[in-house]
Amino acid sequence: MNRALDGLRKRPRLTAILLAILLAALPFMMGFGLGNSWVRVLDFVLLYVLLAIGLNIVVGYAGLLDLGYIAFYALGAYLYAWLASPHFGLHLPFWLVLPIGAMLAGLFGVLLGAPTLRLRGDYLAIVTLGFGEIIRIFMNNLNAPFNLTNGPQGMNLIDPVSIAGFSFGKPLHVFGMTFPPTYFYYYLFLAFTLLAIFVALRLQDSRIGRAWAAIREDEIAAAAMGINTRNMKLLAFAMGATFGGLAGGLFAAFQGFISPESFNLWESILVLCMIVLGGMGNIPGVILGAVLLTAIPEALRYLGDFQRATLGHVAVDPADLRMLLFGVALVAMMLFRPAGLLPSRQRKREFAAEDGVAEQEQASLYDARA
Amino acid sequence: MDIFTQQLVNGLVLGSIYALVALGYTMVYGILELINFAHGEVTMIGAMVALSVIGVLAGVAPDLPGVLVVLGGILVAIPACMLLAFGIEKIAYRPLRKAPRLAPLITAIGVSIILQNLAMLIWGRQYVSFPEILPTTKFEFLGAHISLLQIAIVVLALTIMAGLWLLVEKTRLGRAMRATAQSREVAELMGVNVDRVISATFIIGAAIAVIAGVMVSAYYGLAHYYMGFMLGLKAFSAAVLGGIGNIAGAMLGGLLLGVIEALGAGYIGDITGGFLGSHYQDVFAFFVLIGVLVFRPSGLLGERVANRA
Amino acid sequence: MQSNKKNYVVAGLLALLAAGCGKQQESGDQIVKIGSVAPLTGPQTHIGKDNENGARLAVDEINAKGLQLGGKKVKLELLGEDDQAEPKTATIVAQKLVDAGVVAVIGHLNSGTSIPASKIYHDAGIPQISPSATAVAYTAQGYNTAYRVMANDAQQGKALGQYAVGKMGAKKIAIVDDRTAYGQGLADEFEKAAKAAGGAVVAREFTNDKATDFSAILTSIKGKTPDLIFFGGMDPQGGPMAKQMKSLGLTAKLLGGDGLQNVNFVKLAGTDAEGVVASSPGLPIDSMPGGPDFRKRFEAKYGVIQVYAPYAYDAVYALVEAMKRADSAEPARVLAELPKTDIQGVSGPVKFDAKGDTTGGAVTLYQVKGGAWQVLETVK
């Protein structure tokens, strides 16, 4: 197994091809193996990967703790609903609406970022949390005096994505088989996710990415090195928010129905947990975190079915157990693997505690002498 | 006028509760610079344990005066929560003292989730009602209705805060706490047992949280596994508003937040012709918080610690 | 519960066949699968299980009597699914049921889950009958697949508004809602009906579904001296609200919807619950035409009825009657027959209007007297 992995590492092109085939075939494997509902789970996994990559820019790259990230997701979703649903009678195409939603979210990212530039980590956390709640409360209440969001009833009948006359809203019947829209959305989401991964990876190694890392490590030193910390921080907020808004638009089109309850504080915390669990600042880690935290609860559902089938009733509620396990996992991760499952190289070094690093350096010194 | 007095009373009672819970956040933050997210949950567990004991006591000895029954509940819940807080600090925070700041914050969220779900498994998802055993005597003051319970809450909150202030300013332990807050390393060099001081901080915070938790459930007549979350959030906001790390600040922030919420919900709707009504109650609170932080990044009474991060 | 185990065996066997709509034949009886969705985990577990049991009782009875469609003997199978009362999960289990080849779905329990799921059933062209979703929006989407057998929020809000002004003599009314889809929807419908009946709305205040402190809004309401306060929301807020009304010296009466009409409200409000009036869609079980008899049969199998079991039971019968008229279990043909439904269910007559709402929806009003809910009257 290890040798196979090593072999793959040496042949990046082969790996890429294998990965591409796997990703392309995944919905069919899931669909025929486990049922089409798992393709829907897969779609949600991709949405959360997109969200996690966005939040990772703010938290992982620039070190700005944002607890209200889901607000941007909400903005993207609502903007999509405004411009492509019977609510205002507008039905603009998705390739127009998605960028507008992403830009609106990005703009709000700057609006949130601007007043919080002076704030230190924990204060920033509480302000962003407040911002997230403010957006949700406004969405929940703006059905009067003019009906902007339809309030708690949520917005319904949002247009599905449609490409060149082919609507994603209806299932496709070919060769005597039926493919629900979840298959089309999978490829659409996959395309956006790959784009996001590409952008995030390029950013990381760019001048901007290094500036963010510098700010994360020591803001004063970064400023002293001539980095414009204000602009860099705002850029991080804007970039992260843009991804959030994009994901929100996709969510609205996919689900066809959005309501404020989908954008509560726990969603923000969930996305944060994904990147922390997977390995902050490291894209593969972030992806792993998002996949695990989205898929595991679904898998745990079978625990309930299993209990019903064997015991005839549900002795331990898997929904209860799920959150409990989630909490335990968070604490255990931080205690035993604080840098995440797949930490970035740099972070691994940081977390190895100063003593450890010092010891190692000492040891190598002795080696040199001996 | 009577409506205004009543709103002020409403706000002060709510604010006293926020202030009590805020003390726990502010003490821990002052010493460790850690947002102890689980503090709201400790408050909830305190209320739940006390309520269970109260339920049993009220069943076994129905003739016992209500105040004594409630006191009995509190006396059982305080050591339980002290132990809980001691355990949380030892297991979840202490090993991470040297880790980057985000790490203990995440464990705090994790502990918070664990406590909530444990409480749900133990006490169920239903709201637990508080037995009607406390006297419901009411007074009229400038047209406002004030109950004995409300007076008790405010007086008790003020007393506890004064006591805590004395503890921090006048005792040996208090001096050790202040020293640890200023510099853990130097305090250690001066012979302060830092670990013990930190444990003591968590334990004292937990005891206060229990009293606040029982106050909340007695005042509103219920307790619930989820109650700690919102309460904790509001209290933390109050602590930040007043200047986190500062005991007087927690009190000021708590009272201020309570009054802002009450007056905001009560008047803004009428002032804006119904455009911004009581549905934006929490928004007012957050706006005030953001406003204060933008102009005074370390809160109303906070010291300037901008470069410590 | 043995039938549950059997479900898995049958589902496993059927998984080998291509996903169809019940046309496939087994060696013996033809199997027709019906989905039932409700939260089976989480805070509403007991109500969700109740819905499923109601549907299961109907399915078992029909199977015992024997069902013939298109000249063949048919056996119904009920597939129970858990949507956790969560919109996202609802769409996932809806897809799961469509995959499993159900011909119809009884559910979901909540409006917030029925609405997003209805899109998937509509896309798949299979009928959905909710026993308990009351939000107006559920049937207002223009889907020919969405039906319900319970009075919706508009019907309930209307009955409440008329009752408040007509029978309780309210002239100045204050309205509070909890900003949830349920609470806000009900409060809006109440407001319309109360105004139409000649009542004046002097205050409209808001709270949320996690709040416990209502003193600020109640004080503000007190300044406007209403004689009735309507609350659109659930018991965890209604209970403390009733208490705080008393302690603030408010003399206005408290009126609520089915969110308050439960035992927990009385527990939470304690002695301050006395005199509170609340409604519930449908008839009290003992006043239903087939109620007492249904109760006997249900309790013999599953224990105490929670709330909506009779409606889930009626939903199955409405569906099966449509199948009989179509002489087929094919969804398209059943859908064509569903609008003609006219049956006498245990909860009362079941008939649908053009949107899929029930036309015979009754609303019953209750009042707390001596620490328990007592029936005041039923309005049609």
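General remarks:
Order of writing sets the labels: A, B and C. Residues in every chain begin at 1.
As a convention for this text, a residue touches a chain if its C-beta (ideal position, glycine included) is under 8 Å from a C-beta of that chain, and two chains touch if they have at least 3 such contacts.
The shown structure was predicted, so the numbers you read here are calculated from the model rather than taken from an experiment.
Chain-level centrality, scored on Cα centres against the all-protein Cα centre, points to A. Here A-C and A-B are compared, and the pair linked by more C-beta contacts is A-B.
When chain centres are defined as mean Cα coordinates, B lies farthest from subunit C. Distance between chain centres (mean CA atoms), subunit B to subunit C: 39 Å. A straight line joining the Cα centres of subunit A and subunit C is 35 Å long.
Each chain gets one centre point, the mean of its Cα atoms, and the points for subunit A and subunit B are 33 Å apart.
For subunit A, residues that reach two or more other chains under the stated contact definition are 140-141, 320.
Each of the following residues of subunit B touches two or more other chains: 274, 279, 282.
Within subunit C, residues 42, 179, 206 each touch two or more of the remaining chains. Residue ranges on subunit B touching subunit A, taken from their complex, read 29, 33, 35, 91-92, 95-96, 98-107, 109-114, 116-118, 120-121, 233, 236-237, 240, 244, 274-275, 279-280, 282-283, 286-287, 289-290, 293-294, 297-298, 306-309.
By the touch criterion stated above, subunit A contacts subunit C in their complex at residues 35-37, 39-41, 44, 140-141, 143, 151-154, 156-157, 169-171, 176, 178, 180-182, 255-257, 259, 261-262, 298, 301, 304, 308-309, 312-314, 317-320. Residue ranges of subunit C in contact with subunit B, taken from their complex: 42-43, 179, 204-208, 210, 212-213, 215-217, 219-220, 222-223, 235-236, 239-240, 243, 247-249, 264, 267-271.
Only residues 59, 65, 115-116, 118-123, 125-127, 129-131, 133-134, 137-138, 140-141, 145, 219-220, 269, 272-273, 276, 280, 320, 323-324, 326-331, 333-335, 338, 350-351, 353-354 of subunit A touch subunit B when the two sit together in their complex.
Subunit C contributes residues 1, 4-5, 8, 18-19, 40-42, 45, 82, 84, 87-88, 91-93, 95-96, 98-100, 112, 115-116, 119-120, 123-124, 135, 137, 141, 179-181, 183-185, 206 to its touches with subunit A in the complex.
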